[in-house]
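Per-chain numbering from 1; labels A, B and C assigned in written order.
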Amino acid sequence: MTAARLIINEIKGYHRFLKFLMVLVGLGALASLVRFIFGLGVTTNLNDTYPWGLWVSFDVVTAVPLAAGAFTLGAITHCFHIKKLEPLVRPAIVTGFLGYSLVSVGLLLDLGQPQRCWHTMVFWNPHSPMFEVSMCIMAYTTVLFLEFLSPVCEKLGYYLPLRVLRTLEMPLVVAAAAISTLHQSSLGTFFLIAVDKLHSLWYNPLLPLLFWISAIFSGLSIIILEATMTHKWLGQEDESELLETLARIIPWVIGVYILVKAYALFFLSEGPFFDRPRMLVLFGIEVLAGVFVPFFMFMQKKVRNNNRLRAIAAGLVIFGLVVNRFNVSMYGMIHEGAPYVPSLLETLVTIGIIAAEILFFVLIAKYFPIFEHHPETVDYSLPDKFRKVEKHGSVAAGA
Amino acid sequence: MTNHWIDLKNADAILAIGCNPAENHPISFKWIEAALDNGGKLIAVDPRFTRTASKADIYAQIRPGTDIAFLGGLINYALAHNLIHQEYVREYTNATFIVNDKFDFEQGMFCGFDDTEKSYDLKMLAYELDGAGNPKQDRSMQHPRSVFQLLKKHFSRYDVDTVCSITGTKKEDYTNVAKTFCGTGRPDKAGTILYAMGITQSTHGTQNVRAISLLQMLLGNIGIAGGGINALRGESNVQGSTDYGLLFHILPGYLKSPEFDNVDLKGYLEKWTPKTQDKKSANWWGNTPKYTVSLLKAWYGDNATKDNDFCYSYLPKRSGNYSYMKLIEKMGKGEVEGLVCMGMNPAMGGPDSTSARDALGKLKWLVTVDLWETETSIFWKRPGVDPKKIDTEVFMLPAASSVEKEGSIANSGRWTQWRYKAAEPVGESRSDMHIIHEFFTRVKDLYKKEGGTFPEPLTKLAWNYGTGHEPDVHQVAKEINGYFTKDMTIKDKDKTLEFKAGDQVPMFKYLQDDGSTVSGCWIYCGSYTKEGNQMARRDASDPTGLGLFPKWSWCWPVNRRIIYNRASVNPDGVPFNPKRALIAWDGLEKKWKGDVPDGPWPPMKDDKEGKYPFIMLAEGHARLYGLDLKDGPFPEHYEPVESPAKNLLSPVQNNPVVKLPKNVSSDLGKFPYIGTTYRVTEHWQAGAMTRNLPWLVELVPDMFVELSETLAKEKGIVKGDKVRITTVRGTIEATALVTARLKPFIVGGKQIEQVGMPWHFGYAGLAKGDSGNVLTPSVGCANTSIPEFKAFLCNIEKGGKRS
Amino acid sequence: MSGDIKDFNKTGAFLIDMTKCTGCRGCQVACKQWNQLKAENTTFFNGEGYQNPPAMSEYTFTRIKFRDYQKNGQNEFAFYKEMCMHCNDPACASVCPVGAFKKTAEGPVIYDTKRCIGCRFCMVACPFGVPKYEWSKAFPLVKKCTGCYSRIKNGHKPACATACPSAITYGPRAEMLKEAERRIAARPDRYLKKIYGKEEAGGTSVIYLTALPFDELGFKPVTKRPLPSYTWQALRLVPGIFLTVGGSLSLLSWFTHRKDRLKKEEEQRTQSRKHSDQNQEKTE
């Protein structure tokens, strides 16, 4: 049997859902092809009034905070040394790595001159938040890649690199947090330039801070949702206890967010809030459904301890974040002319990217030891003179 | 233009009537704006609120075809409010002249009208002469038959109320215009009137212009800086083309084209050389023989001798009207064999295009010389016709554009500028001169070879333009200026001038009637002299500060930038307005300072040598009372041929000397709206020049029609709808532009809607659309035959052609 | 970024006096001609009056906007030239990640096609909606009014300013401002007492005079502060934040892991002791 046969046979054995995802990814890939042949004008509904649409709003502005679980959890677990959260870290890193990789894919599609993406590294413009973000994203994807290499090396039994990686683990976690802080907030800085364009319900100088804070609690919420789902669908271990811990952290962060947002809104915003009913509705949805409701839900022990409710609250947070990011990057921009609705091809690409994210996550989970990484089995000490690492039982089990 | 473009900046009031300079003469606004910056006022009188109106201090709406009423009202206002420039009127116009006692004006008609011929007996309208043969005068202007009194009486009927109920103008707008413009009747104020097609394209177009002149004379506005009557000429070199005799009734330099009864040169000169007994009258046209002979010498060279009447007999003698419309009429009857269309697009440009296009099909052959494939060159495959049924053989000769050849161009202000070739002609195209040259040599060769009836007019032509395929444009220009054919000594006052054969003539006063000078166009004499090509001068110095720029290009006549400038000073030669002194007599040096004066003579007061300022008229005085117009000495309001209104001033509905064609209709039941045509900045004329340029097509891509909000509402038309416009002559389709800039008129208490459209679209080129000229009537001005494009009756309906 | 230009008095500026604009659109065509831009495929008029094309675009760097309306029973027919404002401190330049936009000392804000990655941030950032995109191309670039930099460099005026019969004056910014003030003072009845572009977006190299209120003509209300300052107030904190977050987290983990480390060292020590003990035992 050839390798191709092997792969095909392997795929044949996949769950129907995975196959469906593969189709979606395929469609997305085809749609991307259209973009590279016929250009953005044909592929998307973007135009000079709406230079940024679904791809920027979702694939970048929203996907980045959704991938924030990695840095938050990493920081919480390692820096605050809450060791028991360790089992959640690797999946978060994988999600993060996948998220960022796909952000890059989205970006490459969206850029007019993707072949020149390296220009940011050569032609520096430190005044540009996008320069900053792209540097950060590149750096951070590298960091995530390195972090993600650990399970890969474990799986393949490359002990030497593993040792190096372990040495780097702490610095990487710290770097990840710092870099993330910068670019998560800088995504907000993007829109500080949109003076007189972004509606005053969203425009205020604290936008970067708000973006950062919301990235933190959304990142954590994504972990809750993800773990709940992997438990349910992939039959992974039930981590509810850990998730409860996370759920206890989240309302604090949301609380800070609410305070900062209220301050920004009431003391720093200029201009009218009530001039456009449509904006008000969008704002209401974002704040009520996405912030206050989950806030009060997470405050309750009942919710925190209930898998379903906890997941629902986390889902609401994520929904709120999506709405928020779309509000800031799209709906809240005061545009004249016909409203923008993403084209079919545009939507297919985004769906493809989301599908790819889920697909790859499942596949990685299937082939790499990302859930088996438990704190008690890890040796965080500096590697002692490249001596052969003992084979942990769990690793063996994963193989 | 009596004045010139830059001079507009000197005006205190600018009355733009029947023209839209912002759109059709955009550069003029540089100077109009300068006038406004100096505190001048801009008045726009137009049926529509145009881009010019948007810049105006006062906008007055006027119903198409009622300009005489409007201007007559201003004349009356100036007279009634005594705003006229008394001294100017008395000294420089024929206001003091006395008209013969047969003169009569009754019920809208002057005396001496022959109803079958549709013409006036001009003798009955002449001056009363004294014993010496000079017109009698009454310096007090009180004589009941003095021009002044007749004028006053004539225009007293044009009171503001009557005028406004004819023109549909709002009364307060009208009085505002009257106050502002008539306020320039003071010596220290200057008012200019700009006009163009809204004035001329009318069955009484010439009288419209007359009304403008009358007003300006009364206000003392002619001959002064910032004044004048200024026709904003159209095609970029249309001034040049009329100077060179483009029209059927004139030869180069505005000499008359010979009529059938001018059998020999003597007879011709007799008929066309005006005479006067008044020593103070310069009567410049008295030089007609010199200019005529010099012209014949230019044409027939050495073949033209005194003995053979300078080949006068070779000139065609006309017996009637060869105007455009008559020509097309004849063509339609199959009376014309062939047509050469050089830079003209008759399938589009003339009125009643459908007939014109049909007429082209009656030709045996048609040659178009153009930059583009035009509607005319593809008339045989226009929509709706079967090419198989048209036998006309069509030749298209590609012409080089203006930037691909060297030569002169005369602008409205008579400034003639030399231009250079900027690029080689594209492809096979050739300059018009080249094409004419080829025509000439080949036809001449054919005549020589095959003979024919009366070949001499062609074979005897002098053609001294070099040896190349293309005539040497400098040779042409030099011939136009003129040169001596033999050595000459000329005494001029205290100087004696020596000239050699072949020397350029320095100015037209040295032209001779004995064959010793050649000049292709006497008014251009001085444009290309010993000192070189004056038209190529580019010295931007402005010694007077009035913007005369005497050393920039060259201006006919004799580089005089403002004509009749002797009227800008009082009879002693002192400027009426010292602040804007155009010329002034220096008593010590005994010469004029400033612009080139209208003749070197001392001021009018000088008993021995003084001359009246209006040197082109035999009587030397500007004519408030006109002597040679087909439709009477004073402008009188008549309705356009197709009009929704009864003439409120007299029972005579239309200009009585205009013969009406069959396909006109004032049936208000079928055609209840006034139609008018005009231009937009973005397109040029018949459209070939612009509808072939994507950058301009982008700006105005479709044939459109403007209509008022009220009419649109009544008809259920919204902006962008396809509509049909119909006249008795045809139907076209256009896109509706509903705008508040067009408003209905209240005429005699009734509300009358107007519909306006450009006439730039046709079936050739990149942007296609119907032509407004499918709708326009083939009827023209009594004096000039210019078609009445600006006022007709039509209907408008929602829905495209096929709806 | 215009960081290196401090004095904008000498930069070239357009004084566009709309009271003198006749809407002839000579500027619009001259711009296309000079920049060799394609004609757009238009139908009828898009917008009021004779307005066309519908908007500025990759093919149209400047456009005359028409206003055709009535005010107090009077017709208003007004024209307004849209183009790049050549801001003193341009938002487009500040956000461009690769510094493709640059404010030149001569005045124009120019664009380096070779740098651009096509992210369209400049389009989002520009307060006047000026940069446009080549939507029709597979690998598009941004397009906008060049300020006719190539002409300026050679001592010519911009193409539009050259073509304009009446409304556009081009010269050093300070002089243009002075001229604008002179005009307002000379004819206060004619002008609205405001110079648009004097302070808008921190000052621009295109300044306007009008008779009608700016909002009636469709001018965008724009902040007086240079736009880049809005982002810079956050961006300037970047190095600080990086160091603070990085530093404090490092410290934190150093502390939190201290106990572990100590324990481990202890363990190791005991273990090695055990080891030697064992060894000893073995030898024994």
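Basically, a contact is a pair of C-beta atoms (placed from the backbone, for glycine too) under 8 Å apart; a residue touches a chain by one contact, two chains touch by 3 or more.
Here the structure is a predicted model, which means the values were calculated and not measured.
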Centre-most chain, if every chain is reduced to its averaged C-alpha atoms: C
Chain pair whose interface holds the most contacting C-beta pairs: A-C
Chain centre separation (chain B, chain C; CA means) in Å: 52
Where chain A and chain B are represented by their mean Cα positions, the distance between them in whole Å: 77
Intercentroid distance (Cα basis), chain C paired with chain A, Å: 30
Chain A residues counted as touching two or more neighbouring chains: none
Residue ranges of chain C touching chain A (in the complex, touch as defined): 1, 3, 55-57, 91, 94-100, 115-121, 123-125, 127, 129, 132-142, 220-223, 225, 227-228, 230-235, 238, 241-242, 245-246, 249-250, 252-253, 256-257, 260-261, 264
In the complex with chain C, residue positions of chain B that touch it: 22-23, 26-30, 33, 37, 49-55, 59, 680-682, 694-702, 704, 720, 735, 737, 739-741
In the complex, chain A residues that touch chain C: 35-41, 46-49, 51-52, 75, 78-81, 110-117, 119-120, 122-132, 134, 170-171, 173-175, 177-179, 181-182, 185-186, 188-190, 192-197, 205, 207-208, 333, 380-381
Residues of chain C defined as touching chain B within the complex: 19-20, 22-26, 28-29, 32-33, 38-45, 49-50, 52-53, 68-70, 75-79, 165-166, 183, 186-187
